[in-house]
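See below for the structure under consideration.
In this document, chain identifiers A, B, C and D correspond to the written order of the chains, with residue numbering beginning at 1 in each.
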Amino acid sequence: MDSRINEKCGIFGIYNNSESARITYLGLYSLQHRGQESCGIATSDGNRIYKSVGMGKVIDFFTEDKISKLIGNISIGHVRYSTTGESNPLNAQPLVANYNRGYIAVAHNGNITNAMKIRLELEKEGAIFQSTSDTEVIIHLIARSKKKNFNDALLESLALLEGAFCFVILRENSLIAVRDPWGFRPLSLGFKDNSYVIASETTAFDVIDADYVRDIEPGEVIVIENNRITSLFIPRNEKKSCCVFELIYFAKPSSIVFNHSVYSFREELGRQLAIEDDITPDIVIPVPDSGRMAALGYSSQKNVPLGEGLIRSHYIGRTFIEPSQGIRDFGVKIKFSPVKDLLKNKRIVVIDDSIVRGTTARKIIRMIKNVGAKEIHFRISSPPTISPCFFGIDFPTKEELLANKMSLPEIEKYLGVNSLKYISYDGMISCLKDKGFCTACFDGKYPVKVENFSKNIMTDR
Amino acid sequence: MDSRINEKCGIFGIYNNSESARITYLGLYSLQHRGQESCGIATSDGNRIYKSVGMGKVIDFFTEDKISKLIGNISIGHVRYSTTGESNPLNAQPLVANYNRGYIAVAHNGNITNAMKIRLELEKEGAIFQSTSDTEVIIHLIARSKKKNFNDALLESLALLEGAFCFVILRENSLIAVRDPWGFRPLSLGFKDNSYVIASETTAFDVIDADYVRDIEPGEVIVIENNRITSLFIPRNEKKSCCVFELIYFAKPSSIVFNHSVYSFREELGRQLAIEDDITPDIVIPVPDSGRMAALGYSSQKNVPLGEGLIRSHYIGRTFIEPSQGIRDFGVKIKFSPVKDLLKNKRIVVIDDSIVRGTTARKIIRMIKNVGAKEIHFRISSPPTISPCFFGIDFPTKEELLANKMSLPEIEKYLGVNSLKYISYDGMISCLKDKGFCTACFDGKYPVKVENFSKNIMTDR
Amino acid sequence: MDSRINEKCGIFGIYNNSESARITYLGLYSLQHRGQESCGIATSDGNRIYKSVGMGKVIDFFTEDKISKLIGNISIGHVRYSTTGESNPLNAQPLVANYNRGYIAVAHNGNITNAMKIRLELEKEGAIFQSTSDTEVIIHLIARSKKKNFNDALLESLALLEGAFCFVILRENSLIAVRDPWGFRPLSLGFKDNSYVIASETTAFDVIDADYVRDIEPGEVIVIENNRITSLFIPRNEKKSCCVFELIYFAKPSSIVFNHSVYSFREELGRQLAIEDDITPDIVIPVPDSGRMAALGYSSQKNVPLGEGLIRSHYIGRTFIEPSQGIRDFGVKIKFSPVKDLLKNKRIVVIDDSIVRGTTARKIIRMIKNVGAKEIHFRISSPPTISPCFFGIDFPTKEELLANKMSLPEIEKYLGVNSLKYISYDGMISCLKDKGFCTACFDGKYPVKVENFSKNIMTDR
Amino acid sequence: MDSRINEKCGIFGIYNNSESARITYLGLYSLQHRGQESCGIATSDGNRIYKSVGMGKVIDFFTEDKISKLIGNISIGHVRYSTTGESNPLNAQPLVANYNRGYIAVAHNGNITNAMKIRLELEKEGAIFQSTSDTEVIIHLIARSKKKNFNDALLESLALLEGAFCFVILRENSLIAVRDPWGFRPLSLGFKDNSYVIASETTAFDVIDADYVRDIEPGEVIVIENNRITSLFIPRNEKKSCCVFELIYFAKPSSIVFNHSVYSFREELGRQLAIEDDITPDIVIPVPDSGRMAALGYSSQKNVPLGEGLIRSHYIGRTFIEPSQGIRDFGVKIKFSPVKDLLKNKRIVVIDDSIVRGTTARKIIRMIKNVGAKEIHFRISSPPTISPCFFGIDFPTKEELLANKMSLPEIEKYLGVNSLKYISYDGMISCLKDKGFCTACFDGKYPVKVENFSKNIMTDR
């Protein structure tokens, strides 16, 4: 299955709300950071399913007209991101299908690593697919299950899947939330008035005035039907493997993810980074907004002034018209404006959460240097990223990861910094309150065996 | 003249650049914070003027197609904001006109306080107007001037105007920049390769790789023609009155405005606020992004931790679909997400740059309180706003300003805070490096006599 | 299966053309009269299939940008009409699917009468469906066939279908054209340079400079692969039943359909109508454009002047803003303008091709009467329509057909005409050059047994 | 003044109707054939004027939202056509202005031949212009008039204009209709319930259920105010010169223009053409729709069958995607489909209303020949066009007119016809019921002296 599909998504669901589509719209809006490429909502009025999906952001795509056609008291929604230019409207979710048990709609966050293997088997038996996404296999598995009871068919089907998958599933009269046995991605349960709410991150509860109840457990399947909530478990025992990168970079700082305050964890990483660092800069500058919390922690730990040396633009769009004569480091210039008099002649620590390819970091450093910084020391609040993620975070191939291409001194030279330091692996681990995290991107130890992954790309077959 | 017109604008111009429209597009993009309602660009190819204006943001309105039709080496641009709902496409600038000297295009930032008086006189003589904006009078005055030489006609006409006005003017073969004799609004000159650049703020130079040369002086008229730059002065002697609110709130922190680093001035206000304040909070929280620099200064001065307790959304749009059942403080919730564990049980100082009506502040405070803050002390890095601005900053009427409606204890109660403190007027002044500022919004002392202002609203006549 | 689905469509295909999508675009444009609701094109570059489908007309939906992304030398296209207001983008064709034999795309004209029966059986075995259209079953049948060879699987699957179906099928390296064993709908083969072309009507060949080769025979399957053309036959023997209504109303007058010139057949109907009619009017007026050819024949046979008494608007759109105070017969007024001095005080024969519900006819008659016609005699160039069509022509239910609701004198009164006459059934038949036509809409004799049709509507289950 | 401006327009006005904008929308829709490039409506609610203008057709540009913002009981509207590619949104009408007498809105059909001369004089006195259209001068003239009374100022101003001009003028409380002293363009008065209606053509009255009252006379100014209608006259005596080309080509066949039924006049031209012609063809074919009425007359006079050999497409749009490999005579092919079996082996008379450049005619002839016509005889129901029009019909320059470039035998060869015949000038005149027509395009005798016209093009100065 294409590793670039189903990465970085957000899902949401609500049961028993007379304005379910409107609430889902707001929930998706607050999860927009998890994916801005496409969005969609499906609702049920008890008899049939209504759907509206499309490209773009929630506030751009959904209009009053579209929302008002999404009738019914149960709703699920999805936001998706794909780094590939060739975004495919066919893959916009929720997926809706008709089959022998009626209607079903599914929204998915994660990456099913054995999806291609299952798909080929299904196709051998005559299954036809509407999308190239890995999500569609779960619907086929349920449709083919011999189990009479839907929940039995669902559990049987889920037990066949490997990898990262959080699902919200909509049927005519029920809402179901699924989290994979490893617990790679977050999924939480909330409550608002008489409505149950499901969301990828707890911050979605805040915007809709819902209360956070608890996380869906790894391997848990929550079925909400007849105004009752039932908890089932996928019959499969796996080692808990929450994605540490959700905490480092992906989740919103205002969320509680895997029982950790995202904000506090990032600030703590900054403190730890400072403890491990022996430099004394004039000023600490975050790369906004990704490095801000770590910079707060670093500055506080070192007792060195924090400065907002890069002002982030609020008007970033998808496409910019660039003069053909060229503007140096155009992509970074339209995103950040440097505060010259703060940076000039200073010995600066610049803090970001991670380096992947290093191309943007290089331009930022160059921009800071060009306005007169004396020294630039680049500090990263996560260890070097050396292995790609097969479970839903969008990383480039192993070969493209900067830390695999160069030695530390080479990277320092490439970025143009006086020094570069990452937090230590153990330092990062020490900031976590418990165990059970997947850190494969830093140590290459994958909790699920991923065979021939790169060969399985859908569009290559 | 309607006080609500021509407020909060940004202007830009470039001379002698083969991609003048593209550069202007980028310049306007970086001035977008000065107005998001409408935008426009006019160019000259030496013979005629091309124009494209419309509603919306620069990156939304301008397409490759539109830009490529704006040919010529000289260009001016405009971004505009209006708080009134009834935005009028007819008033989008630059204004273009045909008259006895050929073509002329004008973009304006400011508010001409005697525009209505002049307009009525012009109409008596048979002038017809295409817009309801105050900008159009300058074109009529030039068209009617008996002076043979254009520059003489321009100076004669400018001398008749009162109030705040920065203009960029485009003719077939020249670019002209004007700043009113009081110097209310900022306007700067830059240089890029062989091109002269004019911009409301210096941050616009950064994005296009231009160098900041100097400010246009109050009363100065810069004419760029035949690749030469000439400096003229409006024959009128007035007291320098730069708008202190540009520094406090309106300009971008990365700009140098009136010889002050906007960033440093705001941080300094925060320090002064801390000096004047005797409280010791657990944490200092800025209202993002307006209160951030002052919060940095306050936190540093007090040596109290800074926290980013409100996470600002990056996906704010013009219109939101709101459930009819209502979400408490909806407008603030979609803008900010609270970081609960940072705010809970804390004694918090919240910092913002100003209070105008107080409605948003009240909701923010309530949101912070609802997640469990122990005490909330609200600190404002400017003195109480008591008088409206007639020179281009969008304030409500005197009656709507919160500081005029209630006493301090009443405001504290209304906002729901444990205490409220503004910086002192003298404290604010002490942060300025020199004199010559208009502080009428804080002390009611207007540098230009504004008679019957409220009666002059265009649409009322 | 919903009788309202897949009615009134046009299909097109081209093999071996470097601009296959552009040619398909033009072909669909010339078939636009067969369906204006949605349109779509799919292409193959030998490895994968590209698709673009959407609501609206061909020239509105397809842009240079969309067309240029449809790469490959083989292409199929579809235009569709649905009278139901609730048009469904999910049903826009071509349908594309992934399955065990790779990619497949299908465009369909017609109506498979046993689609729902097959669908329910497929669902029992675990099939899931993406659309509510009857077209999708053919893909499932092929996917489940045990035949190794694709063509064998295709023929096996087609033999299971009943009703009207013309398909163009696109695979990675081949183009297939299918016409049902009854031959309800037309489908022709053309040739352009080195490209084979398939189209619902021959008029599509004219616009692209292709030559008409021959019709696809009833039951014939043409496979174009490796630059060779192979002719196969569905193993099923049925009585040829070409739809006479294609000739009467649906096809374009410039097409050759079922070996008949559509134009000449309609003119001939007009002559026959005149022969059967004993009135001598002052003038013969067609309802443009549907009655024009019959009016020409009638006028010529009777040697009575022809007049264009109703001028048709060229600017008809989907939606009109109507004053709330109401305009009499609004819908007809915006479509036709009466030529008053031609109609005034005249004894007029008005000619149209058919009456279905009679609502529009009634308004047209009233408009003609209001401008002063002396007598109005309404003549119809087809027999009374008494039975709905289950094979792809959009008729209302039996109960809604005017000829079933009233006697002839009642209809005359309802329409407000002095007399009404239809061509006789035998008169119509005498205008056909050969046998083998379905005239079920006039005589109720259906060539395929259609059981419980009305109960099978997809959305009702 | 640019001869390409203000050509081919339609105007409409209504007084005293609670849905004035909606009625104007319908009126403009029925005048759409007079201009499809831009459209606009202005309304007055007694205090101020509301305006909405834009590019495109009436049904595309106006939405319910736009219409509902056009409040008030008086309304005027405009449709415009320009053959130049560079359509200018600034010139979209109605023009609205503010001046010493309040608001004024103007819509114009025609071409003021001395507009540039007046404009230069106005500019000398300091007037500034918002558009490049000739329409704007009338507003300036009124604004500068010393006459106290508006009507006096209007008549004084109108007396200065030369050329073709029909105006509808909207003031806060009145609707005014103006027709130039020569009466070049048509303008009619209608009545609907208690509303007065003004329209370029009477067909506009039909769609809105209004009755035709009478034509506005040449030189007449109708002022509708206080529910009373007053008739004034421009103080200038000129020879009546109605444009014969309105009857030949421009007006809709369902209109009564200059007291002539457009339909009957065209049919009569066809009869006269037949009388002057000694050929006996097998069939007469109109170029649809422009040649249809003449073909009816010709066929009837000669007693030769009429055939609709070219089927016109109903789906023509502005832009078509054309294959790069090229389709022969693409532009004509997408507009017309040939009825092959009607044209094959026939001796055909093809009829059109006029030849201007001859490029389209040539392609049509070639298409007819390519499907097998034996002989093609081209007949034109107007005399050869030899002089451009300065009064509002869009003709090319004298040099581009085919009849000026070649002799008759050369044209026959160029077009590829067996013979070409135009109606004689006297033959055309004999079809008119009275005198007082401008036939300058056929005889070069201009009723108004037009000096240096070609030099006056606005964009050239």
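We take it that a contact is a pair of C-beta atoms (placed from the backbone, for glycine too) under 8 Å apart; a residue touches a chain by one contact, two chains touch by 3 or more.
As the structure is a computational prediction, the values presented were derived from the model and not from experiment.
The fewest steps needed to get from subunit B to subunit C, moving only between touching chains, is 2. Within the contact network of the assembly, the step distance from subunit A to subunit C comes to 1. Across the assembly, the mean Cα position most removed from that of subunit C is the one of B. Subunit B and subunit D, compared by their mean Cα positions, are separated by 48 Å.
Measuring from the averaged C-alpha position of subunit C to that of subunit D gives a distance of 37 Å. Chain centres here are Cα averages; for subunit A and subunit D they lie 61 Å apart. Multi-chain contact residues of subunit B (touching two or more other chains): none found.
If each chain is drawn as a node and touching chains are joined, the picture is one closed loop, every chain linked to exactly two others. Interchain contacts (touch definition given at top) occur between A-B, A-C, B-D, C-D.
Touching subunit D in their complex are the following residues of subunit C: 18-19, 22-23, 25-26, 29-30, 32-33, 36, 57-60, 62-64, 67, 203, 206-209, 252-254, 256, 261, 263-264, 292-293, 296, 300, 305-308, 311, 313-317, 319-325, 327-328, 333-334, 337-342.
Subunit D makes touch with subunit B in their complex at residues 48, 90, 96-100, 123-130, 132, 139-140, 143-145, 459.
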